[in-house]
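The chains carry the letters A, B, C and D, assigned in the order they are written, with residues numbered from 1 in each.
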Amino acid sequence: MSEVSKRRLRLGMVGGGEGAFIGEVHRFAARLDDHYELLAGALSSQSEKAKRSAESLGIIRYYTDFEVMAEEESKREDGIEVVSIVTPNHLHASIAAAFLAKGIHVICDKPLTATLVQAEELLEKAKHYQAQFLLTHNYSAYPMVREARAMVKEGQLGYIRSIQVEYVQDWLTSALEKEGNKQASWRSDPSQAGIAGCVGDIGSHAYQLACFVADTQAQQVLADLSSWGEGRQLDDEANILIRFNNGAKGHLWASQVALGNENGLRLRIYGDKAGLEWSQESPNELTFSPIGLPRQSLRRGNAYLSQAASSASRIPSGHPEGYLEAFANLYREFALQLMENTKSDVLPSLLDGLHGMKFITATVVSSKQGSEWVSVS
Amino acid sequence: MSEVSKRRLRLGMVGGGEGAFIGEVHRFAARLDDHYELLAGALSSQSEKAKRSAESLGIIRYYTDFEVMAEEESKREDGIEVVSIVTPNHLHASIAAAFLAKGIHVICDKPLTATLVQAEELLEKAKHYQAQFLLTHNYSAYPMVREARAMVKEGQLGYIRSIQVEYVQDWLTSALEKEGNKQASWRSDPSQAGIAGCVGDIGSHAYQLACFVADTQAQQVLADLSSWGEGRQLDDEANILIRFNNGAKGHLWASQVALGNENGLRLRIYGDKAGLEWSQESPNELTFSPIGLPRQSLRRGNAYLSQAASSASRIPSGHPEGYLEAFANLYREFALQLMENTKSDVLPSLLDGLHGMKFITATVVSSKQGSEWVSVS
Amino acid sequence: MSEVSKRRLRLGMVGGGEGAFIGEVHRFAARLDDHYELLAGALSSQSEKAKRSAESLGIIRYYTDFEVMAEEESKREDGIEVVSIVTPNHLHASIAAAFLAKGIHVICDKPLTATLVQAEELLEKAKHYQAQFLLTHNYSAYPMVREARAMVKEGQLGYIRSIQVEYVQDWLTSALEKEGNKQASWRSDPSQAGIAGCVGDIGSHAYQLACFVADTQAQQVLADLSSWGEGRQLDDEANILIRFNNGAKGHLWASQVALGNENGLRLRIYGDKAGLEWSQESPNELTFSPIGLPRQSLRRGNAYLSQAASSASRIPSGHPEGYLEAFANLYREFALQLMENTKSDVLPSLLDGLHGMKFITATVVSSKQGSEWVSVS
Amino acid sequence: MSEVSKRRLRLGMVGGGEGAFIGEVHRFAARLDDHYELLAGALSSQSEKAKRSAESLGIIRYYTDFEVMAEEESKREDGIEVVSIVTPNHLHASIAAAFLAKGIHVICDKPLTATLVQAEELLEKAKHYQAQFLLTHNYSAYPMVREARAMVKEGQLGYIRSIQVEYVQDWLTSALEKEGNKQASWRSDPSQAGIAGCVGDIGSHAYQLACFVADTQAQQVLADLSSWGEGRQLDDEANILIRFNNGAKGHLWASQVALGNENGLRLRIYGDKAGLEWSQESPNELTFSPIGLPRQSLRRGNAYLSQAASSASRIPSGHPEGYLEAFANLYREFALQLMENTKSDVLPSLLDGLHGMKFITATVVSSKQGSEWVSVS
């Protein structure tokens, strides 16, 4: 027997205690590739709950106050190097600022903040800090989404004309927020979720996905938001027309009241040379339609794919990878960036988060003005 | 051996000579159920072509002028009782008026006319005539579309909130109209197609399908039309937001430049009790998603379907029926209506055609005004 | 107005009266392309039913005895030139012989006969007659099946190793034959259906399809037949191992008791250069998997297909063609063969029918002998 | 800040060094739910490679000899409690015996051994040991497979008649073993893989899946094995007829030369009340076809599923789980069994492994005897 050792990043987490959804996802993602050790957490502001959550997760140091945590961890020699923020949206900005200020890198769930003002303030502060920031727009980390982006950048689609993107769920068809559903409650509460409901929660994912793959951003949006759930204050459905910087036009449909849809995130992009289609519920496949030729099914794990796809994949073709693997790609790539001082151009940044907030804000403004074109800038 | 006989309707056709597409479809549809005999035709205004076309089709009496045809046929004891109009759009109104005026029933391809003014004039004239009129919105005659409508009317979807409909093709990605393609040429020529290209040609089908199934009509539309093909005068893509009379909101996407799509007509309707999805390229199936229960695949030909579906179907389940069978349903039902003096409420009428022209016109106006809401009425 | 005329084949039909299924299918098929006029029929041996059936179908001359019909029609100047036989299996041989003997061409439903002896006798007799014979193995007439065969013959699959074919239904899960279901009754009655149930009814289709596409025949079969339905005398399910003449091995599964399957006829062929998959319930698509390259979806109606597919198709891509259109291809091609004196190599013949009976017989023998390899020759 | 701690199982691994596939899968699976710490390994018998592999994986104690490892680890207070065996098949038995003898629990990849004799000897030895054993038939750990089994046990399918199962790949179409492909080399070498190639590698998975869901085992098998790859000694394709103990009949097709298939593991089971279909490449879905009712799509993560499915799932519906998550279910459940002294009835055991070897052996014998029925017992 002989002994060796390996470097792992020391990780902390804020939010994500008992009953939370996305915190658990972040933990799976952090563990999968073994680049992190989750050592500290402020998983709840209630002391007993914070302790119970930490215990059941094997997090050895627990806190109830994120500022104390940032302070204490930054002082320890074995303190955390990275923190994951998995609270409701309205807390993101202050937590991120606290850790960045102490030189601790931040992994933050989307949307960046609850309001555009918060986002702008956060970016202003962040200018003065060295620590790095990752926004977990996880859908852009699926291998076949990476392949799609690479194909667009290589010009395989030609000039892009049309983009259709949708993210459709059904879980808010009824007013669950009145029935004590925790996930529904904070997402439909303007004081926690911010100015938008469905647009912020899933529309922002759809928008980021479209921009990521088509390598562009919206110039203008025109939106028609709806609130179907009884007594619901924020939107639960949105139809948004988009004019992109690259000249393309498109439509984004986000809904949380479309019965029969679970996480129906689907992107379709059409250029003058080829079309591409991808669906999150069948993520290992990318449909490619070159002009005049048969439709092709590009599938994860095959040798004919580019480095963009293969570097984001773990197992051979035909063994499906899913949501957690894609999420874990962000954690893995961020770890490699931190440990190897490289810079990835596919990891969503603070700037991407700010742009996302501008998009959300513009759609809300457009809808309030009776569906006028509003600039996103 | 003994002899019997059977009553068939005597049919004529205007348009649909050599090189035509939709004329041939109408002839298949007329033949399938053996309720018509195609006896007379003005398949072309050129004499030689009219003769050759008639000969090859076994049409015994041929004309080069539709007015002469209407006149002569109406005088014969064995003259035609019904005429099918399968010309470019700008000719529909005058031909229809000529035959209706002579008491000959009309089956007319969509859209009703090239302009709203033509449509309104035709309806004004038609008030004075007894003959009946069928507009061939064939997609609404698929058995599972009929089932969908019946389910909506029975309240199985509850209150309808959201409608997404799309009709997507790719054949006009390149400017085929410059290369002598006959189908592309007239469809992209305002003097033949009318004020709209893609919206008139296929957007009108998608709109009619949505209204037919959801049993409603648009109150307002807001459109963003595009002309991507080089030098193309009419639209080849449209994104249209819709507010329906029943309170639902929705989006219609029509495109003829979306590579990889052939005749991608797809309808999705969501109420507060259930969702429905149907796709023309898999027409024998209807996906039904009741709240809280597994998604169901309703399939043509099964005993659990209603009369609405089974009466529009010919063969057992699992043997696919297609486009021609659905088209033939319109011909069959119109024949039964004419011969049995019943009145169907599922056959598209002159009024439906007029409404379709209002929809087309409103989208063109909205787009020209920078995507404002325009009333459809 | 001027007059022209067109040549159509004069057609008769034996069987296919009220309550029949396949007779109606043959009539649709005969009408679709307008190459036939259905003028005479012995649709039932009961006089009243024969008359009623003829009347409702517009068949002007009706008979109750097929021998009288063959005799009388052959004497008339305007007598039928072709007859369609759509009776239960045990009658095929004698009816076919009667018409062939009178110089009337025969279109006969499959399987050729009820027993191998009947088939051999029919072939013996047919040697002396000039009239032509078509066996309606309709599935081999789908455009994409024709494309598949053409690809195999061109060598696109390389050396064929493996063939999997299945035809799966569920309608005989319960013992419908005891409940007065006409289709179930004759199919499960050895005196009408012959020595096999499911194997003869649908297994024979699956076998013909595999042989047609792979351009080969079985050398040996090894079968395990089952009769699941309570009290059922004939098989309702079969698992059959096959060794083909071209060196390939394979398996055929036929079932009428597999709940959830309607007409699940599916063929998969694998060579050392490529694989092909086709499914009857999505007939407009053929999946092609060349070694090392992405899977391709070849779709009916596209310019990249061969003449084999395009000549068997009527309408543009994306407008689904179905079962009736494929069936009608056989009628159309037989008509052209009769009228133009050409010879098609894709129309199933008497010899194909005999071979099919050998296959059916060999499977029954193999199963009775405890699943031994039995030669098919 | 306060501190807590959590109990994790101390894990070792034999095999799975550089260039291995399944070892990495086991490590992902062990990490995902945080019940294990991988502390020791004999990842290679070559010292340098063993060290490099351990280092890169963060395994602190490394060995080159599994017997030394078993010996030393069993003596340490902080020695491993569980070992994962991920070597070629012929080494499984001796490694498993070595660790079990020392009281270390074993997680072993399938098939259990290279030959039936090895398996029988291992079981004989294991009788004397207390340590527990898990065979990683990972496909039976997919949530919807668990649901399927629960439905069968509840009687929702009624009396099971027919089982079709297939596991189809294409990666051995060419003779990769001649080109230095490590995975291909050992799998096609009888001295490492054992008596079977494709049947042992993937046919055994398909067989276990069918038995697991249908809650039965084979009574007799009849097999036709093939070796298509040039110069290949072991089978690369198999067609196997099966008669099950519960009275059902079926067919198993395994192939590694079927172009266009990646990991096409698919199970179809038909009873007299309902049918079930599941496909590994779309693992989050289970198709359920009750008699007389529409086909239903049961989907992972929904409230209408049973505990069997929900306890094997981590994230909400619509966010796809894949191969690693299913594999991790085995690790998680084994950990809970070890730490909580419960006994799961869904974890594949030594007895299951022995039965799998009997199945493999019977198919090889049957094929050599010209496809006779051979008992599996």
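One rule holds in what follows: a residue touches a chain if its C-beta (ideal position, glycine included) is under 8 Å from a C-beta of that chain, and two chains touch if they have at least 3 such contacts.
For reference, the UniProt names are A, B, C, D = Glucose--fructose oxidoreductase.
Since we're looking at a predicted model, the values are computed, not measured.
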item: Chain pair repeating B-C, as identified from A-C, B-D or A-D when over half of the contact pairs by residue number coincide; value: A-D
item: Subunit B-subunit D separation of Cα centroids, rounded to whole Å; value: 55
item: Subunit C and subunit D, separation of their C-alpha mean positions in angstrom; value: 43
item: For subunit A paired with subunit D, centre-to-centre distance based on mean C-alpha positions, whole Å; value: 34
item: In subunit C, residues with contacts to at least two other chains; value: 261, 288, 295, 299
item: Arrangement of touching chains [line / ring / star / complete / other]; value: complete
item: Subunit D-touching residues of subunit A, taken from the complex the two chains share; value: 1-6, 8, 21, 24-25, 27-28, 31-32, 34, 40, 51, 54-63, 68-69, 72, 169, 261-264, 280-284, 299, 301, 314-325
item: Contacting residues of subunit D [partner subunit C, same complex]; value: 161-162, 164, 166, 170, 173-174, 222, 224, 226, 228, 237, 239, 241, 243, 249-251, 253, 255, 257-261, 268, 270-275, 277, 287-291, 295, 370-371, 373
item: Residues of subunit D touching subunit B in the complex; value: 288, 292-299, 302-304
